[in-house]
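Note that chain A is present in both complexes that follow, paired respectively with chain B and with chain C.
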Partner chain A sequence: MTKPLLRMTGMSVELTAGTSQVDIVCDIDLELKRGERLGIVGESGSGKSMTALAVMGLLPQRMRVRGELSFDGRNLAGLSEADYCDYRGRRMAMIFQEPMTALNPVKSIGAQIAEGRRLHLGETRADAEKRARALLDRVGLPAPRFDLDLYPHQLSGGQRQRVMIAMAIACEPDLLIADEPTTALDVTVQAQILDLLDELVEDTGTALMLITHDLGVVSEMTDRIAVMYAGRIIETGRTDDVFARMAHPYARGLFAASPHGAALAPRQAGEGRPRLNAIPGIVPDPFGRPPHCSFAERCAYVQPDCRRAIPALDLINTDENVEHRAACFHPRERMVAP
Partner chain B sequence: MISFIGGRLVSLVLTTLVASVIVFLLMQVLPGDPAVLMLGMNADPDAIAALHRQLGLDQPIWIRYLHWIGGFVVGDFGMSLTYSVPIRDLLGPRILVTLPLALLSMAISVVVAIAIGVYAAANRGKAGDTVVMGIAQVGVAIPNFWLALLFILLFALKLAWFPASGFAGWDGGIWNGLHSLILPAFALGLPLAAILGRVTRSAVIETLGEDFIRTARAKGLSRSGALWTHAVPNALIPVVTIIGLQFSFLLAGTIIIENVFNLPGIGRLVFQAIAQRDLVTVQTLVTLLAASVITINFLVDLVYGYLDPRLSRGGH
Partner chain C sequence: MSEVILKTTDLVREYDLPRPSIFSKQSRLRVLHSVSIELQAGRSLGIVGESGSGKSTLARAVMGLERPQSGEVNIAGKDIYALDRAGLREARKGFQAIFQDPYGSLDPRHTVRTIISEPIVSLERGTSTAERNKRIAEVLEAVGLPLASADKFPHEFSGGQRQRIAIARALITRPALIVADEPVSALDVSIQAQVLNLMMDLQEKLGLSYLFISHDLGVVRAITDRVAVMHLGRIVEEGPTAEVFDNPRHPYTQALVAAVPKPFSGRRKRIRSDAPPQTPVHTATTAAGCAYAAVCPMRQEICRTRTPEAKPVSPAWSARCHFA
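Presenting the complex of A and B:
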């Protein structure tokens, strides 16, 4: 086994609000190898974006990382701000959800793409812009229609996301984090952007951390997934295995609540498409998380012992050297998909 | 971009004309007959009538307006009633005092405001922010003439770094003239900087919260790199708006400050012309001041187009 590129061991993200502290993200154990594709799935507020921002060292001011977080063997938590700046954009890059607001409206797209290379590789403006031109071609924005001196407001959402991707891959990072890269886009454009990401990851061999709530996207794009709920990983394993088994009731619920999942579910003859099953209740707010399984209140299979302790992420199965684990006292047995 | 500038130019000319009409009408409704003022209360009615004819006051109001504005356009502003010299000759040397004073004050205001505003925004909520903004709050409340007196006391009388009043003229070199403008410029510019600094602070704080700042940081820019190359250029748009608005306060301020420092500038000329009921001079000067405010706002619009490509470059 090769050395992991990114390793989180017992990593938590702590939020200080006034005098109280709370863990937005708790006890994350995750590894990501070079060239591997990991999906992080969960509802809004499950802590998936915070996990990504923790890796980038861009957490909001009142948040702090606890536990081990290392990148290529170096402990990120102990990194000085200046050293972290050398990592960001060079070794690790991030694509954000909102292409409409994530680009600077008063700088040309050429300057924004070239910026990273000038900063990290010390390229001259001319060299970096030549490279930016090549990057724009690479992400499907060819000259002369898409010149470097265009401004973000002259582009559509999908085109802006392509510019974001060009910016992210400008310095050929080892790790690419994509936080809901297609959520804000039209469905038709979503597929194009995912295809582009897929192709780039394939070509460059960068590791991908794809954050999404869309199960269809993870099933197509990733090798492994981690399902997060209320700040914890509640199920993880090879994407195929997790999709086949869905040992945690929440993972199952997420699946049944997604149009993609419903479409995959076997249809009875003579019956219409089954209704989507919304998961009842809401994600507990970080300040009011129970001292037991945080899904217990919403779980259809809840048992008395579920309210006694927080379940550990137990091993369920090992497939191709990848462990399938779920944090449930009563993991589901039956396979979901055919 | 060309049509943008063209449209602004048309509106510049129209606004100036409207301003001139308003100024002219205001002067007409002011009580007091210039001829009576010039000849004295007990003057012979025939002499007054003769002077009326000489000044053109016996003609209908619209003829007088057209006559005046026609001369205005070609630079012939008419004769001053009190000095009996062409107003143009009064303006020349005085513009050379007021224009440098205004530009210097503006520069001081902008530089100080951006420095304190960006500093306070970058250190939001910390001691530095509180101190700087506390001082700025006091600065907003201080009237410029009082600040001018304080400066005269400290820098002119006590330290003797600058002259307390008067203008040395430009003949003895740039520094000679500038030297007498420095205190007035600070007295005029600093209170404006206090307001502009507060605007800058809130504009920078607002842009620092934008998504593209996080994008810049994710690219590897340091906190200050993202601040100066991404946040500040975006925050300049509202700041430039306020600079344009402040220019009229600045001109009003020169009237006071030039009197405090006894500078022979436009502001002082306006003040004297009003005191002496030199109506032609007053209406000419006020219209010129209005035109310069309108011109500055035209320039501000141009700067907008440069600062914000969304205004000057249409979408596809």
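Presenting the complex of A and C:
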């Protein structure tokens, strides 16, 4: 069971716009084993959702995968749509961000959950619906209040997200991708959904790829994380190690800018309210990414050599056989508090 | 004690529910239950709560957009719902709003100049063009945008810059009070920090007061002095922000604070409960008892029979719970 389930080696996602081509996502190296939880963190435009869509084979028409992307030993790049359908929903499933728009409003939730099993496993309607009933119970929507005949509009946001999760786990996939599963939800509902995901991963042994911008969520949910910026992984390693060190200035800046970081910073006595440590500037546009470190323009520790080449993802440390790597010429040394 | 810029007294807002038949009695849903808040000039008050708790309704009532069934909204000493049209137009110069969605709140067909000068065009008629241009330059500088952006369109800006435009539009009438309804929830973390810092700078420079509505406790903690926690249309706890979040006294505030995932807290500890998760909903009636009792971990018999009053925890801090 040590063979990775999902492996990306030098994977890029290429976008063709008119006559020009750009890489929305470049040189991703990631591995994911069964039962592992990987977090992908980044801001909008960092390419984290595109990485997930590339795995699911759901990239928009103009985009193409380059490099190696293999699932359970089979190369997924260039797989035909018909072959992809055997994987999608059956072996890997995705939970989307917007529970309001990702469900079909004119089909009952029972039919939507049963659909995957009928299609992939060839179950009869009766069997699949019996199974859908069990799945709804599993995600905390018990009968008789939550009947299979309900429609999405009769449910609240948190309940819809539970239905989405039930759909995703219907065929017991080996890989579950959750793209910002709780961003649209209130904190107390978010806590319930995270508890549910945590429980499912533990019980079913599926691999989880959790995409989020919330550092609190990744810290509580994952074993390993990859921080993305402008289409590249800039830091990766065991979650505890990355949080303890934050070797890349962007990872450190992202944390300091978040209100979590502000709460940890000591409050100065005296006049005025303490400011947040904002990162100046904006994320570079994919068409205008510089030929050197893409964070150099916003980095507080920038050196002349940062503007000469793109830094490689260098090894920093190895902890419990997991490598901690950061793409920075001048990784930060000091540990972050606490 | 400094001057009070905003004071609401026993604000009640109800919505009509659909009638099952034309002969049945009209029933109403009460969304704000006697909400009273007070904001000192130059300070900021945060309103936190989950979706459906009535925080945006409160903001709309304060902005004069939704007349409450009873209660008063006093801004700078004037009851805005008692004013006539001309009086309200005059008073509106003193309070402006910033909305959540930086994409939806700016008209895509107008230039930034038209967008940010709209408040003076409609509220301060007869302002000369020279004066108007001067004011536009002034607010653009205040929010850190180049003067050249006045002739661009909203689509040419990023989310953070658009929110700066929205702030510029709010500032142009030189208001004393700004009602900000989730102003940074649509922005990325690093941009969010930039906009929050800008709001803090402007507050110190111009002496603004903020009524800051957000569901993000971290953001509220960073920018407000006092916080009011809303649950189903009632303020359940109010007090100094840091103290309330560090040591919440109402069980609902405790649940909210505990639910926020924190970095460095290690692997998630699941809250196992056998009961199916339930969400309390607004009730049409004003039944006796505590609205939070259905899900409260420390409920007692008294919670079902008597509505709790706001109990003072310290002079500036109160919680609406029998056991606070």
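Rule of thumb we're sticking to: the second predicted complex is superposed on the first by the 321 of 338 C-alpha atoms of A that agree within 3 Å, B and C clash if a C-alpha of one lies under 4 Å from a C-alpha of the other, contacts with A are read in each partner's own complex, and residues count from 1 in each chain.
Operating definition for what follows: a contact is a pair of C-beta atoms (placed from the backbone, for glycine too) under 8 Å apart; a residue touches a chain by one contact, two chains touch by 3 or more.
All of these numbers come straight from a predicted model, not from anything done at the bench.
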Here chain A is shared; do chain B and chain C fit on it together or clash? fit
Considering only touches as defined above, state whether A:E323 meets chain B (first), chain C (second), both or neither. neither
Of the two partner chains, chain B (first) and chain C (second), which one does A:P105 touch, if any: first, second, both, or neither? first
Identify the partner contact of A:D29: answer first if only chain B is touched, second if only chain C is, both if each is, neither if none is. neither
Comparing chain B against chain C, which has contacts with more of the residues in chain A? C
For chain A as apex, the angle formed with chain B and chain C - C-alpha centres, to the nearest 10 degrees: 70
Looking at A:M167, would you say it contacts chain B, chain C, both, or neither? Reply first, second, both or neither. first
What is the contact status of A:E68 with respect to chain B (first) and chain C (second): first, second, both, or neither? neither
Figure out whether A:D86 sits in contact with chain B (first) or chain C (second), or with both, or with neither. first
Least C-alpha distance (whole Å) that remains between chain C and chain B when both complexes are overlaid: 8
Overlap of chain B and chain C contacts on chain A, residues none
The residues of chain C that touch chain A in their complex are 50-51, 158, 160, 188-194, 196-197, 200, 204, 215-219, 221-223, 255-256, 258-268, 270-271, 276-277, 279
Considering only the defined contacts, which chain B positions touch chain A in the complex? 210-212, 214-223, 225, 230, 233-234, 307-310, 313-316
If we count contacts the way the header does, which residues on chain A are in touch with chain B in the complex? 56, 58, 81-82, 85-90, 93-94, 96, 98, 101-108, 115-116, 119-120, 151, 153-155, 164, 167
So in the complex, which bits of chain A are touching chain C? 43-44, 140-142, 145, 156-158, 186-192, 194-195, 198-199, 213-217, 219-221, 240, 243, 253-255, 257-260, 262-263, 272-273, 275-280, 282-283, 338
